[in-house]
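Chain lettering (A, B, C, D, E, F and G) follows the sequence in which the chains are written, and residue indices restart at 1 in each chain.
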Amino acid sequence: MEAHIYSVTELTSEIKRFIEERYPFIWIYGEISNLTVPFSGHLYFTLKDESARINAIIFKGQYKNLKFNPENGMSVIGFGRLGVYESKGTYQIIFEYLEPKGIGSLQIAYEQLKAKLSAQGLFDASHKKELPFLPQNICIITSPTGSVLYDILNIINRRYPNVNILIIPVKVQGDSSESDIVAAIKLMNTLSFPDVAIIARGGGSLEELQAFNSESVARAIFESSVPIISGIGHETDYTIADFVSDYRASTPSVAAEIVVPLRDELKNKIDKLDRSLNTNITKILNYNNNNLNKLIGRIKSPKRIIEDMIIKNDDLNRRILISQLNIIKQLKNRFININNKLLFNNPDTYILQFKEYINHMLYNISKTINIIYKNNAHLLHQSLGKLDTLNPKAILQRGYSITRTIPDKHIVTDSNNVNIGQKLEVLVAKGSLICSVERKI
Amino acid sequence: MAKVTFEIAMKQLEQIVQELESGNLSLEDSIKKFEEGIKLSKYCSAKLDETEKKITLLLKDQDGNIIEKPFVSERLTE
Amino acid sequence: MAKVTFEIAMKQLEQIVQELESGNLSLEDSIKKFEEGIKLSKYCSAKLDETEKKITLLLKDQDGNIIEKPFVSERLTE
Amino acid sequence: MAKVTFEIAMKQLEQIVQELESGNLSLEDSIKKFEEGIKLSKYCSAKLDETEKKITLLLKDQDGNIIEKPFVSERLTE
Amino acid sequence: MAKVTFEIAMKQLEQIVQELESGNLSLEDSIKKFEEGIKLSKYCSAKLDETEKKITLLLKDQDGNIIEKPFVSERLTE
Amino acid sequence: MAKVTFEIAMKQLEQIVQELESGNLSLEDSIKKFEEGIKLSKYCSAKLDETEKKITLLLKDQDGNIIEKPFVSERLTE
Amino acid sequence: MAKVTFEIAMKQLEQIVQELESGNLSLEDSIKKFEEGIKLSKYCSAKLDETEKKITLLLKDQDGNIIEKPFVSERLTE
């Protein structure tokens, strides 16, 4: 595996993480030097001993709470956390608390105990238990007589009245106070009931706060399975109990405010969320309802298409009828035209002509035959007329007569040609006579 | 005179008329001719009558009406 | 005259008319021609009558009415 | 005339009319043609009538009412 | 006409109308086309009626009420 | 439509509405789409009604009183 | 919701409100979330309204037995 090659930033940020995680909260002592207070009001100095030095800062807020004025050459003890300033590659200690080193025996004992417990890790953040957000049962370990208890009760009652409170009365100063408090913490831990506890006391001198600076109390607090809030003395008082407790409230009143949330605030918040739920679900419903209604509104019924189609179909139907009727009409006209021509060319008309012609011819032959007849009749008539005038018997009218033999009809012109007794025919004008020859002359 | 047509008869008749007109005939011959002429004229007349009847008949339709009647009768009776 | 068509009959009739009119025929022949002509004219007339009847029949529809009569007259008068 | 369509019948009819109009036909032929023409004309007429009736029938809906009645009659009488 | 959709039927109907209007059809063809056209038109008409009913039905909910009545009808009648 | 969520149904409805609006559908398709649209709209309406009822029910506390009653009804009926 | 503390319930309720506000949920999910939210809100409200409230003083008697005693004081501002 290849060695990882760090960038400066990478390495520095790893160092920062490492150091800050390893030393989140430490106690340290040394001598102040190079003290400066820039315009910002934060206090910068170097803490050193015989062989080493470390840069240190106290921010303005913490600086104000100090009970002394730090000066160069002053031996001090304090606690704080280590911080790495990446852009300069430096590390420093950021003090939360600082005090002059070595003032009185109590102070020394305090410092020693603090240092010892700190070294044993009793103050470590990792050991601090989380406070319940909304405890139902709160245990208060304090003096039943002082105003502290009432302050706490009133504040809790004001903030969140619906909570059970168990008060374990203890002495908070004097000989038995230490064992009292330890017993109370232990007692509390035998009960199933508390969710959180407050150990409280009003302000006082170092001597008066001695029980809260004792190792047994500190260890009882440390060992307590019930999370403990310390509210001891004034804001500036830091007791060992404060350091070891799960949460340090600067005063008993603050502890009471920390332990329960404001019920009204919560109620308001829930109501607000509840309203928000309603508003949002209503909004969603309305939104969807509106969308749906819009879509329903836009659903275009095919009715219009159908109506268009009905009109079109009717039109086509009508046009079929018209065009078909037209076709028939045209064909009919054509037919009528032809039929008229046919009827016009009816052979009837020639028949009349033929008939007339035949009649004409009939007339002609009739006429001709008549003429022929007439001509012949005329010729005959003429011959008959002539014949009539040429009749040889016409002479008889004048009295002549003609005698002929019988039956030879020879005209007798010589009497020698006849015999006596012979019969002869005598023709006269009217009729004829049959005579016999009597004699010849 | 069985085979003699109307035209031949007419011709003979005309011939006889001419002979008679010539006056060269003996009485006996002229009488003979005359008589012959009479016979011929009778024949021709009969022939003509017959023809007329035929025409009249032909000009009648099935119902017995004379076709072109006014014309024919007019001519024939003239 | 079984196979003779109307047209031939007409032609023959015309021929007869001409022959008769020529005047070159004997009376017998004339009358023969005349007879023939009469026959032909009757034939033709009958043929024409027959044809006329046929046309009349053709122009009648099944109900005995003359077809297209009102219609035709309407069109013909327009 | 089983398979003859209206159009063919009309064409034939036209042909016949032309032939009749030409006047070159014999009487027999012309009467034959005329007869044929009358048959064709009857056929065509019947066909047209039939068609007209068919359309009239189709123009009636199932209830026996003429569809678009006022409209159609308007068209038919124009 | 089982598988014919309304659109195809309408197209065919239009085609037929055009053909009929062109006037180039024979009588037989035109009557065939005409019949077909009338059939198609009736089919289309029936289809349209059916469709109209279907829509009316669709616009009614299970209780027989027209859904979203005032609203929908407002849209449908616009 | 068993597994179809309201959102998918709404999307489909929108799609159908667009298709119907495009006017490019055949009659068959448009009626099909319309039918589907009506179904989807009913489904969505029912779904919304159901949801509304559920919400109304949820907004009632154990005693049957509507929590925040005036507020909710005001919104739902607007 | 056995193990859910008030604080977690509040967090979840806030989360749900945010999700509902985001508008990115389907209707089904919204109503589910809403239901859950209502439950959470009821739970939180109920939790706040839990009326148990007593102040007890834990004392030892002469025999070292621990006794509980209601704490009464005029100094408490109700």
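Following the convention adopted for this analysis, a contact is a pair of C-beta atoms (placed from the backbone, for glycine too) under 8 Å apart; a residue touches a chain by one contact, two chains touch by 3 or more.
What you see is a predicted model; the values in this text were computed from it and never measured.
At the interface between subunit D and subunit E, two copies of one sequence, fewer than half of the residue numbers in use are shared by both copies.
Of the two chain pairs shown, A-B and E-F, the one joined by more C-beta contacts is A-B. One copy, subunit B, sits rotated relative to the other, subunit F; on C-alpha atoms the angle is 10 degrees to the nearest 5. When every chain is reduced to the mean of its C-alpha atoms, the one closest to the centre of the whole protein set is E.
Taking each chain's centre as the mean of its C-alpha atoms, subunit E lies 70 Å from subunit G.
With each centre defined as the average position of its C-alpha atoms, the distance from subunit A to subunit D rounds to 66 Å. Separating the CA-averaged centres of subunit D and subunit G is a span of 104 Å. Here the CA centre of subunit A is 41 Å from the CA centre of subunit G.
Shared interface positions of subunit G, i.e. residues touching 2 or more other chains, are given as 27, 31, 34, 38. Annotation for subunit A: residues touching 2 or more other chains are 274, 281, 283, 288, 296, 299, 301-302, 306, 309, 317, 324, 328, 331, 339, 346-347, 351, 354, 362, 366, 369, 373, 376. Counting only pairs that meet the touch rule, the chains in contact are A-B, A-C, A-D, A-E, A-F, A-G, B-C, C-D, D-E, E-F, F-G.
Touching subunit A in their complex are the following residues of subunit C: 10, 13-14, 16-17, 20-21, 23, 25, 27, 30-31, 33-34, 37-38, 41, 44-45, 48, 51-52, 55, 59, 68, 71-72, 75-76. Note for the complex: subunit E touches subunit F at residues 5-7, 47-48, 51, 54-55, 58-59, 61, 67. Listed in rising order, the residues of subunit A touching subunit E in the complex are 293, 296-297, 299, 301-303, 306, 309-310, 312-313, 316-317, 319-320, 323-324, 326-328, 330-331. Contacts from subunit F toward subunit E in the complex involve residues 26-28, 31, 34-35, 38, 41-42, 45.
If you check the complex, the residues on subunit A that touch subunit F are 274-275, 278-279, 281-283, 285-286, 288-289, 291-292, 295-296, 298-302, 305-306, 309.
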